[in-house]
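The same subunit A turns up in both complexes below, where it pairs with subunit B and then with subunit C.
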Partner chain A sequence: MELILNILGAIATIVLAFTVGMSYGGIVRKITARVHNRMGPPWYQNFIDAFKLAGKTTAINHGIMQHFGPAFIMVSSIVSLMIVPVLNGGGWFENLNFGGDLIFLLYIMVFGPLGMALGAGQTGNPNSAIGITRGLSQMVGFEIPWVMALVALMVQFDTTSIVDIMRIQNESGTWMMFSSPFAFIAAVMAMLGMFRYSPFDIVGAPTELASGPVSENGGKYLLTMMSSGSIFAFVKLTLYVDLFMGGADNLIILVLKTFALYMIPVLYGIVSPRYRTEQSIRFFWGWPTFFGLLAILYAVFV
Partner chain B sequence: MEMIYLILVLFLGGAVLTWLLGKISPIIRDILFISSVIIPTVLFFMNVEVGHDVSFQVLGYKLSWGISYLAYLFSYIVLGLGSLASVYAVAAMKGKKNLGFFYSNFILSIMSMMGILLSRDLISFFIFWEIMTWSSYLMVVFRGKDVQKVGIKYFVFSAIGAYAMLMAIVIVNSLTNSLLISDLVSSFGSFSLSMKWLIPLLLLIGFAVKSAMMPLHVWAPGAYSNSPMAFTSMFSGALSKMGVYGMIIVMVSLVSYIPNGFWLKETIAWLGGITAVGGTLWAVAQDDAKKLLAYSSVAQLGYIIVGIGIGTPLAMLSALFMAVMHAIFKGNLFLVVGAIERQTGTSNLTEVSGLIRKMPWTFISALFSIIALAGIPPLGGFVGKWMLYESLIGSNHYLLVIVVFFSSTAAFLYSYKFLFGFFLGQEEKEWSHIKEAPAMMVVPMMILAVATFVLGTFPGLVLNPIDNGLQELGFASTQGRYWEMSALFNEWGNQVMLQPLVYAIIAVFLFFAAFLTIKGFKHTRYVTTKDISSSGEVPKEHENLTFSQNFFQPFLRAVEPFMKRRIDTYYSGIGNGLEAIFDFTRRIYTGNGQTYALYAVIFIVVLLMFKNALFGL
Partner chain C sequence: MINDKNSQKIVDILQNWARKHSLFVLAYGTGCGAIEIPPTMTSRYDAERFGIRGAATPRQADVLLITGYLTTKTLKRVIRVYEQMQDPKYVIGFGSCTINGGMYYDSYNTIKVLDKYLPVDVYINGCMPRPESVISGIVKLQSLIAEGKANGAAKYKENLDWYRANQKKIIPNWVMPEYNW
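This part shows the complex of A and B:
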């Protein structure tokens, strides 16, 4: 009985993440369009796209790894969603919060890019592979300040568990973005790369690489990748809220906080040109890493 | 007959017989080879128990052989990987010349490693260590390629290590008048301070050479890639672990008792971290899969050395677990390269591409090993990485953890390069005739791949013998404190429950794989990799769409400043300098009688000039 309840809870979490993530995607398209002085699609355009993709039949395939690639990505998104606490105190959405800690999360989050890389690799499209190499290189870039911020948090509170970090914030009444500001700055700078909006969008580079890794995928494959991307965006935003903004007590607060946070990479991206890969790597190893170091020093000495 | 003697004699006799009788017929040779690896292995695991030892007198010195818990753990690596690699070797080396020599060296190196693990005195340890170096040296030059460059480099560094170790042994003998390792450990506390520093340092130089620690690593990339792949699997998987084995004993039993020995541990840990970063960056830059894996081995051993250097119980657990995992996945990856090299004739990542449909089993075992190498859950590599990070954070090594993390993230790059280069990408006509490797090669690879998976879910299977070994070294039991059969804990009590996570991963994967494939195969047709949309155009058959040159160029541009300095150039500089000195010395002997007469005159003049100072007259 408990197992069934757990599975139901997990499904509820996935549906929530899917809905919120897809809506955010649509809203971002709208906002971008308005900034560009266009009308833009309606905010529910992503749902329409999803239904359309689900209805399509696929005619050709390039082999088994192309099928498994999107499944790998889904594993990464859903398992990290199971690990990240959605609300303070768990409730319906407790899932596997007890099962993994931050370091597990860091590693399961890169399972997705690897699956994407394998799936895209088998199609033989050189644009996909070029996109993948850029994506992986850029990942090495932004992981450094991101990990520094996480290490600073772990050191400061002697725990690697996300639930514990949320609990500490609620007990002390201050959000981590105020009590360890440098970690927050480093993490937000890393977040710019994580969401791959401009100036860090050379991975997909729509005009140059024909969207890179996802080219050659249509129908159900693209649907899986798209929904995985939406869920993953929700996971990352919720994680930031959990770690730096004290978590959320109910879904409305969660949506408000994540949306506010999401606007940072989006609004920064809309007005930015594009970096080359090595430029973006060097960007992440510059100021963000400096703030990461400050964060660690702050955590150790203050 | 005493079982330990019998096992070593069987190995030795097997080596000789394989060489001699192998000249009669290849079949006898192959059977003799496999049986002289497998039979002693079975005998060892059935009959030799931990704690049992034998001793005998040679020239008035007491020598002793036996097995400890720690050595038993390493014997899993040596004998397990050895058996699988030997089965593989028979199929992989079929039709090559001079095979009797190869096989007997192979057996000798397994024997020498077992000898090292069984030795309880320094002199037999040293003798087996030298047999190991010699047999692996002969393997490095087996193919007769780059003997000058690679072979001599390996030999010189091994010699430096061996002399350092021999010096330490002689000093220990003069101080304690005994060669037993247990006597060294028990009387170490009474040595003078300088001896307390000198002996561990000399021993560590010997072990660091074999485990390819910066700055003594320069021999490794060449030596690993130059020997036949069936042996490199052992070379990188098991042989390098002998250095780790020795290092653990020195660090725990000796260095811990040096006053301020803490600094030595820190230095070793940092050297390990630098090794990891350097190895990883150079691995990303390689185009030859063998070189790539060789540099990656250097990097992976760096992590292990970091764990040993930190020396907390959790760090030791992680180091030993990573040692076992590295033997499994890196052993397997070298076997994969061997299989590809045998089928296609090259191991260059820029030449081969698109083998996934031709060699599916090889691909699966490579995929498992790569995921384990990258440390991604749910495979075994993750467990070691997790423990390493937790121990680094728990023991206040905040910068080192960033260094290690950087190196292990950058490892994704070469991992993907390896998989993409060989198996994915465009399927070219040149390789359309390639078939899967024979079953005798595929089965050992698959066994190793399954092992990575099992250990990812139930790491307790290996952590249990590790725990026994650590208790023997004087640590408190870690079971329940840091790990259960399939759960991991850190020093603050945070946990990773592996079973629910693995089951969740499998469930989600199966669901979506079914969702994507259930109609996928019936209703879709397979098209070639040329049938793609390339910016809206369909490429022609003759167009070259292979992407393999300059694979990670943007990344390498970004890290260019780090890679400008190579320790190798300094060594070459020293080598050239020495050569110049030798050349100058040679010029003294001109072969001209008049010059020699001049030397004699100069000598006498000098004597006369300084006679007061010299003779006090």
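This part shows the complex of A and C:
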């Protein structure tokens, strides 16, 4: 009985993440269009795209790893979704929360891009290879402030469990973004790179790289990557809300908080042109890393 | 139940509706007509409200736009690109040049009738067609898709020998992989 409930909980979480993530993607396209003074597609455009992609034939074969690449990305998204608690204190299914999950999450979040790198590498498309090089370089860039922010949290509150961090916030009544502000600043700056909106969209640059690592993947593979990207966006936003904004008591508050947070990279991206790879890495190793260091010093000495 | 003809019909209607509202256009400008695509996609005419989006690679694209004249040299690349696209796929012939050669009717270096080399679903005439006519052509393609009549790709597979013979007449050094669907 408990097993069935766990499986149902996992499925419900995946459906929730997929729906919210895809809707956010459509709303972002709408907002971008309004900023360009266009009408833009309807907010459910991404669902139509997904349905269409599911009906396309996918007769592309470059080898086994090419077929595994999208699967790796999906697995990584879903496993990280299972670890991040959706709501505060038992408001939603527990899935796979355990002590020390913050450290595990750091590892599993880079598993997807690495699997994708293997998959895209086998297609032999030069655009894919360049895209992967850029993506992994940028990941080295934004992972440093991100890990520093998380380490600062772990040191300051002496725990490596996301649930514990949420509990501490709820007991003290202050959100982490106020009780450890430097970690929040570093994490938000790292988030700009994590979401890959402009100016950090150097991986999938359509006019430059022909959409980069996904350039050989159409149809169902593109659908897999699109939906796993949506799920992963939900995971990242929920994680930020859990860590820095005190979690959420119900789904409406969760959607409001994640949407507000999501607007930071989106609105910054709409008005920005694209960086080159070295500019992007220099950005992440500049102020975000400085704030990360400050956060660790703050956690140790204050 | 699953292979029932009526249930297949319902699935077709649903899928055609989705295909119609989500056309990924391959950004491959062959001739001068490509200059009409940016105003079609951007603020003034905003093709994205129909669900039309640029796709950067043939693997992800649904629609191949042949924008204007097609030189014999480009034809080879276009055939390659068309055959890399995944089903269902559509071709839009853009401008007078694709219909009868247009102002290049006596050129030794361009092909005159596109339909002999690739299965065209919709023609947009004009030299150049303005963004309004491009959008009306795309809307025409959408209605054809909804009715299930945009089956150029199936025609291409059926009459592959005829198309190949025409293509090989134009391209003397044919070094391309032979596909068998």
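Everything below uses one rule, namely that the second predicted complex is superposed on the first by the 297 of 302 C-alpha atoms of A that agree within 3 Å, B and C clash if a C-alpha of one lies under 4 Å from a C-alpha of the other, contacts with A are read in each partner's own complex, and residues count from 1 in each chain.
Here is the rule we use: a contact is a pair of C-beta atoms (placed from the backbone, for glycine too) under 8 Å apart; a residue touches a chain by one contact, two chains touch by 3 or more.
This structure is a prediction, so every number in the text was calculated from the model and none was measured.
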Inset, instruction - With everything superposed onto subunit A, say whether subunit B and subunit C fit together or clash. - result: fit
Inset, instruction - Classify the contacts of A:Arg167 with the two partner chains as first (subunit B alone), second (subunit C alone), both, or neither. - result: neither
Inset, instruction - Answer with first, second, both or neither: which of subunit B and subunit C does A:Val300 touch in the superposed model? - result: first
Inset, instruction - Put down the vertex angle at subunit A formed with subunit B and subunit C, C-alpha centres only, nearest 10°. - result: 110
Legend entry - Contacts of A:Thr159 with subunit B and subunit C, given as first, second, both or neither: first
Inset, instruction - Figure out whether A:Val79 sits in contact with subunit B (first) or subunit C (second), or with both, or with neither. - result: first
Inset, instruction - Figure out whether A:Val147 sits in contact with subunit B (first) or subunit C (second), or with both, or with neither. - result: first
Inset, instruction - For A:His36, select first, second, both or neither according to whether it touches subunit B, subunit C, the two together, or no partner. - result: second
Inset, instruction - Would you check which partner chain A:Ile48 touches, where first means subunit B only, second means subunit C only, and both and neither mean what they say? - result: second
Inset, instruction - Determine, under the contact definition given at the top, whether A:Glu216 touches first (subunit B), second (subunit C), both, or neither. - result: both
Inset, instruction - Identify the partner contact of A:Ala59: answer first if only subunit B is touched, second if only subunit C is, both if each is, neither if none is. - result: both
Legend entry - subunit A residues touched by each partner, larger count belonging to subunit B or subunit C: B
Inset, instruction - Just the number, please: smallest Cα separation between subunit B and subunit C in the overlaid arrangement, in Å. - result: 5
Inset, instruction - Using the superposition on A, tell me which residues of subunit A are in contact with subunit B and, in the other complex, with subunit C. - result: 57-60, 127, 210, 215-216
Legend entry - Residues of subunit A touching subunit C in the complex: 29, 33, 36-41, 45, 48-49, 51-52, 55-60, 127, 206-207, 209-211, 214-219, 222
Inset, instruction - Flag every residue of subunit A that touches subunit B in the complex, lowest number first. - result: 57-65, 67-68, 70-72, 74-75, 78-79, 82, 96, 98-101, 103-104, 107-108, 110-111, 113-114, 117-118, 121-127, 129-130, 132-134, 136-137, 139-141, 143-144, 147-148, 151, 154-155, 158-161, 164, 210, 215-216, 220-221, 224, 276-278, 281-282, 285, 292, 296, 300
Legend entry - Residue ranges of subunit C touching subunit A (in the complex, touch as defined): 14-15, 18-19, 21-22, 27, 42-43, 46, 48-49, 51, 53-57, 59-62, 86-88, 181
Legend entry - Touch list for subunit B against partner subunit A, complex: 354, 356-357, 367, 371, 374-377, 382, 385-386, 389-390, 393, 396, 398-399, 401-402, 405-406, 409-410, 412-413, 415-416, 419-420, 423-427, 490, 492, 494-497, 500-501, 504-505, 508-509, 512-513, 515-517, 519-521, 523-536, 545-547, 551-552, 554-555, 557-558
